[in-house]
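Listed after this line are the structures, all set down as structure tokens.
Next, two complexes with subunit A in common: one pairs it with subunit B, the other with subunit C.
Presenting the complex of A and B:
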């Protein structure tokens, strides 16, 4: 283990607001604590702009580690680190972009990562599959995939599934000058007295898969969403904002990067009951001339209420966001080519479009990322 | 001058889901949580009131999350007002409109004024202002309290609407003391209905019963004068459940009898929706455990806590004069109060 060449390192954790708040906090704190064991100093903090966090909306926390207090202070003199050495995305659907608030735009996951830096993603998928959904790289970086699905929990109940330990182990592999595996394992041992937790860190170290990404690699399929923020000189007296026009949606904040699962609709079994449209808190359904309700994916944030209130079995199915390349509305597709659409529906959702065909219960397996049933506080949660 | 104080009959009751207006006056692109029931209340509120509406919002999730950084999801005019000021803002706006119409400065027409507040802004800080507003019977305004049972915007602090025993930032469950919050939820709509006999409409609703809620808002605006609607909004962030279950938890709150739906219209109390069915014996109340076990904020509950919760809810249904509304009753031995001579004064016999 050599001494670091740089004087400080900045790590950001990109995560789903509230669901992974505790997870991100634990990762950032542990990075600092592990680095201290090696004689470094550091600090962990959350981004003020994310507060108050909203369920699902992408947020960031940071860990800055330096060789001494002076260097730490120098690197701390900014509100939000604009350049980071390592970006850790604890949910793989975040590689489709990050839009944290209005005027923020949709930012590629590698945006703050410096040249030859690291993007570390927790995912069940291979690095190539993850890269296929990541925006075209402008500069080279290394993509590291830590095996495991997204770990979602609530504000009050943390799901201790060792995701943080695996991530720390993987970090020790890519930044050994700053965080050593031995220190990580010793820290976890102190904190938990649990040998399996220590082994999870080692597993993260051993099982992390790395792939070099050259500039130009990735997908150009995602929407460009960039804004020039209005400064105070352009704001109107009394901070008046123009109201939305009827039929318009907020163009400065689309919010779809909050989505981990997306609803796909089987229009053939839809009974036009209006429930999905009526109960959607984000007004993302449009009624079609025939009385169907189609999802406007530019507005959908994937809460899953529509699938829950739909009275028809498997008419609305929530599917892993990483299975989709586009953001187009689908009713026109169904209108033009019903068989083609139904094949697409079956391929994406793993559910038969024919209601007479029974779909095996195992279908959820494929769309397991950020699966609600993995949430300890949902259906069978509480003190069950 | 024909300035109407009371409703003009332009908002008919909605007969069913197919009758709900399509126009969206609160649109996508607000920074609320996934599955935010309060955002749904905002949407239903302006859907019911229609485009000729002015909305005032006191500080809370529905201010901070919705109008994030110099953008807005509102199609209707909307203005921010201070945390405890929803009552005064509603009254002032209604009075201002009335004067402008009387002086002929703006067209004499029905403009709905709705001020919303959270449970922190309405049930804690703004209660006095709302109470004062409800006594000014010459002005048409509706105060809507969206109740997610905590200060949810600032990451879940305890409010007077937080239910018994729930975990919040201010009431964490510990190893020495399991329950840090042992006060029963304040009965706001009941208190306001009992205390403001001149308000023509006060109701308790829930967005999980969308048509019922929209009709309550329409009735409040139609009857005119100062009115009040209180909604219970499941909050995935603070209640700690997966966002997809927002509707289900709203249903459970009502079906377990924890949140009775009712309206007090012109001095007459009506139970609505499943609450009515429960009261009439057509539906059995579900045990509160069904509701509690779904939420992380009650995950620390021991059996005795669940029992206590159930006992308090049972008391509401068996001992209160009207379940959920009037939290006292008359002594069984002494029914004098119920036998009061209700004849006009000049017809009453002296003893």
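Presenting the complex of A and C:
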């Protein structure tokens, strides 16, 4: 095994609040501990300003591995590395961009990745499908897809689905100078005494699919959100900021990148009962002139509560976020072209727009992941 | 902002009254037409509570008087009242002041011009009602303006100054007037109480402008900002504190024109310093026994004087440099302690030494800790301070020590 040419490597794990915090922490810690087996040193930390207890919010954790303590110092006492060698997204919908906090704007998933670095995504989709929803590359990088859906392993109770081991195995494939597969497997063996976990790392190593991305590849369809933070002479006095006017939404914080699934509404079956509008914790529903409730996708975090409280079967359906290219409100579409809208609804959701037609079995697969509002961690399971 | 008035046009209509420092503050609350005050008893602040309550009961004052369930609530009440545009007053003492500390910190951060008194009292434990300045001084880094009074008259005058300076849009910071427990708060002196008309000329109506928290002016105050904004906000506070120096100077000039009081220098009160070789330096009521000592020592032929600090924050660095660089030695008398500080000195001692550090010619500065817990500063102690100050003159280094005065071994 050759010695690394660089003196350190920086890896970030982009994850979703609550469900994936422990997963991200386990990956980052394991990177350092595996690298330690071959004599490197390192640090693992979470971005301090993140609030990873917020449902679905894109948050980050980091691992830095260096050849010695002196080289590591340049990466210490930081909130967030400005440049990373590898960005790992443990939910493929994160490739649509990351807006972690107010005034950060929506940032492309590859934003901190250096030229010829790696974006590693856990996904059941092909690299081309993932790339189709990733912002246009400004510099070349390698897109690596590790098979597997978005893990909802949990925060307090960690229900391990081996996502961490598959990711570590894939990382050993792209950064062997820093993290060797043998070391990863030995570490997992020590930690779990579970041969299937060890084999998951090998599977991640073997099954990772890589695609070179050239500058200019990707989609230009995502909205650009960038803000200039005010200085002390341009800020208002006394920690005062303008409040939102009634009906106005926050222009500096949209929140929609928190979404793994989005609610899609069948306006034909809506009974205008107001439940979604009342229960939405982010006040995402606008009442239409006819008394329907349309989702403002700019504000929706995809929590799924509307779909849970809706009394009409399949009137609000939660659908994989990667199936959508825009954040346009859809009521006008339905108003102008009901048949067209209903076809679109069926194509996206896998559910018939006609309530007399039974929902095809394909829906379970077609709607993607489990409803995140039904927190899988509340079930009894293994404790970490 | 300067006020055009004839010299001392109101001198004939002031009324002379015998009142304690606490009563003088209550009179200032009445004259300033305060909207909301909050109270919670602790000696010596409770003297203001009682005096204000009496004015209300006698129909002489109209103020929303809220008795809180503790000091933290007390300071939160006025902070919020201030945010919706009320002129406010509050105060506490000793550990009560400390119980309000979180509210005290955020009030300065929010740039809300709350006016308070801190009736200076030793911090528990052990229990002691007497004066010590550590309660006020604990907030010295937070953005509160901190003046100290020597007399009941000055307490009233500084209170009127406090609303004028604190509420000025260029400053917009809270003010906590230091009043020595017992010696000032609970001792009655002759006080000239100005007329309402004169005070109205001096003190404009409180106007928060576009920071007013009101349904017609939707704003959010103090959102979470993290490292992205915080340093700029601290910078704003720093700039406000810098501006406070000039606003105090301006207000002091107007006050002197209207009421004829306050001396030549807004920040320092000098006594017998014209030909002095040695001076005492301190704040609050300890100036009184030291002035007695100066007259006595002068009879013995010693060229000694006093420089009394009137505003600890903003610290009048340039004025202090200009004043103290004239002398051979300065004895800084701290009615406070700062355990483990450089040369184990008090707070004033180290602040003064820091201010004078870069001077080519600087006096020897000797530290004294005296009068803690309200212990009286007796004449033999004053003589001791003088002799130690004089002996240290001529060698800067001989000031690198702190003497405890009047302490039993």
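Throughout what follows, the second predicted complex is superposed on the first by the 360 of 384 C-alpha atoms of A that agree within 3 Å, B and C clash if a C-alpha of one lies under 4 Å from a C-alpha of the other, contacts with A are read in each partner's own complex, and residues count from 1 in each chain.
One rule holds for everything that comes next: contacts are C-beta pairs under 8 Å (C-beta built on N, C-alpha and C of every residue); 3 or more make two chains touch, one makes a residue touch a chain.
No experiment lies behind these values; they were computed from the predicted model shown.
Student: Looking at A:279 after the superposition, I want to know if it touches subunit B, subunit C, both of them or none. Which is it: first, second, both, neither?
Tutor: The answer is first: A:279 touches subunit B but not subunit C.
Student: Thinking of the overlay built on chain A, is A:287 touched by subunit B (first), by subunit C (second), by both, or by neither?
Tutor: The first partner, subunit B, only.
Student: Once the structures are superposed on A, label A:79 by its partner contacts, choosing first (subunit B), second (subunit C), both or neither.
Tutor: The second partner, subunit C, only.
Student: Looking at A:140, would you say it contacts subunit B, subunit C, both, or neither? Reply first, second, both or neither.
Tutor: Touch status of A:140: no partner.
Student: Touch check for A:308: first (subunit B), second (subunit C), both, or neither?
Tutor: In the superposition, A:308 touches subunit B alone.
Student: Looking at the overlay, does A:230 come into contact with subunit B only (first), subunit C only (second), both, or neither?
Tutor: both
Student: More residues of subunit A are touched by which chain, subunit B or subunit C?
Tutor: In the superposed model, B touches more residues of subunit A.
Student: Going by the contact rule set out at the top, does A:239 touch subunit B (first), subunit C (second), both, or neither?
Tutor: So A:239 meets both subunit B and subunit C here.
Student: Based on the superposed arrangement, let me know which partner A:253 touches: subunit B (first), subunit C (second), both, or neither?
Tutor: Touch partner of A:253: subunit B, not subunit C.
Student: Is A:103 touching the first partner subunit B, the second partner subunit C, both, or neither of them?
Tutor: both
Student: Please write out, lowest number first, the residues of subunit A touched by both subunit B and subunit C across the two complexes.
Tutor: 101, 103, 230, 235, 239, 241-245
Student: Which of the residues in subunit A end up touching subunit C in this complex?
Tutor: Answer in residue numbers: 49, 79, 101, 103, 229-232, 235-245.
Student: Please give the residue numbers of subunit A that touch subunit B in the complex, ascending.
Tutor: Answer in residue numbers: 17-18, 51-57, 101-103, 154-157, 230, 235, 239, 241-255, 258, 273-275, 278-284, 287, 296, 299, 301-305, 307-309, 318, 372, 375-379, 381-384.
Student: How about subunit C: which of its residues touch subunit A in the complex?
Tutor: Listed in rising order, the residues of subunit C that touch subunit A are 109-112, 172, 210-211, 218-223, 225-229, 232-233, 235-236, 239.
Student: Give the list of subunit B residues in touch with subunit A in this complex.
Tutor: Residue list for subunit B touching subunit A: 17-18, 20, 22-37, 39-40, 43, 51, 61, 64-65, 67-78, 153-156, 167, 208, 210, 236-238, 240-248, 292-302.
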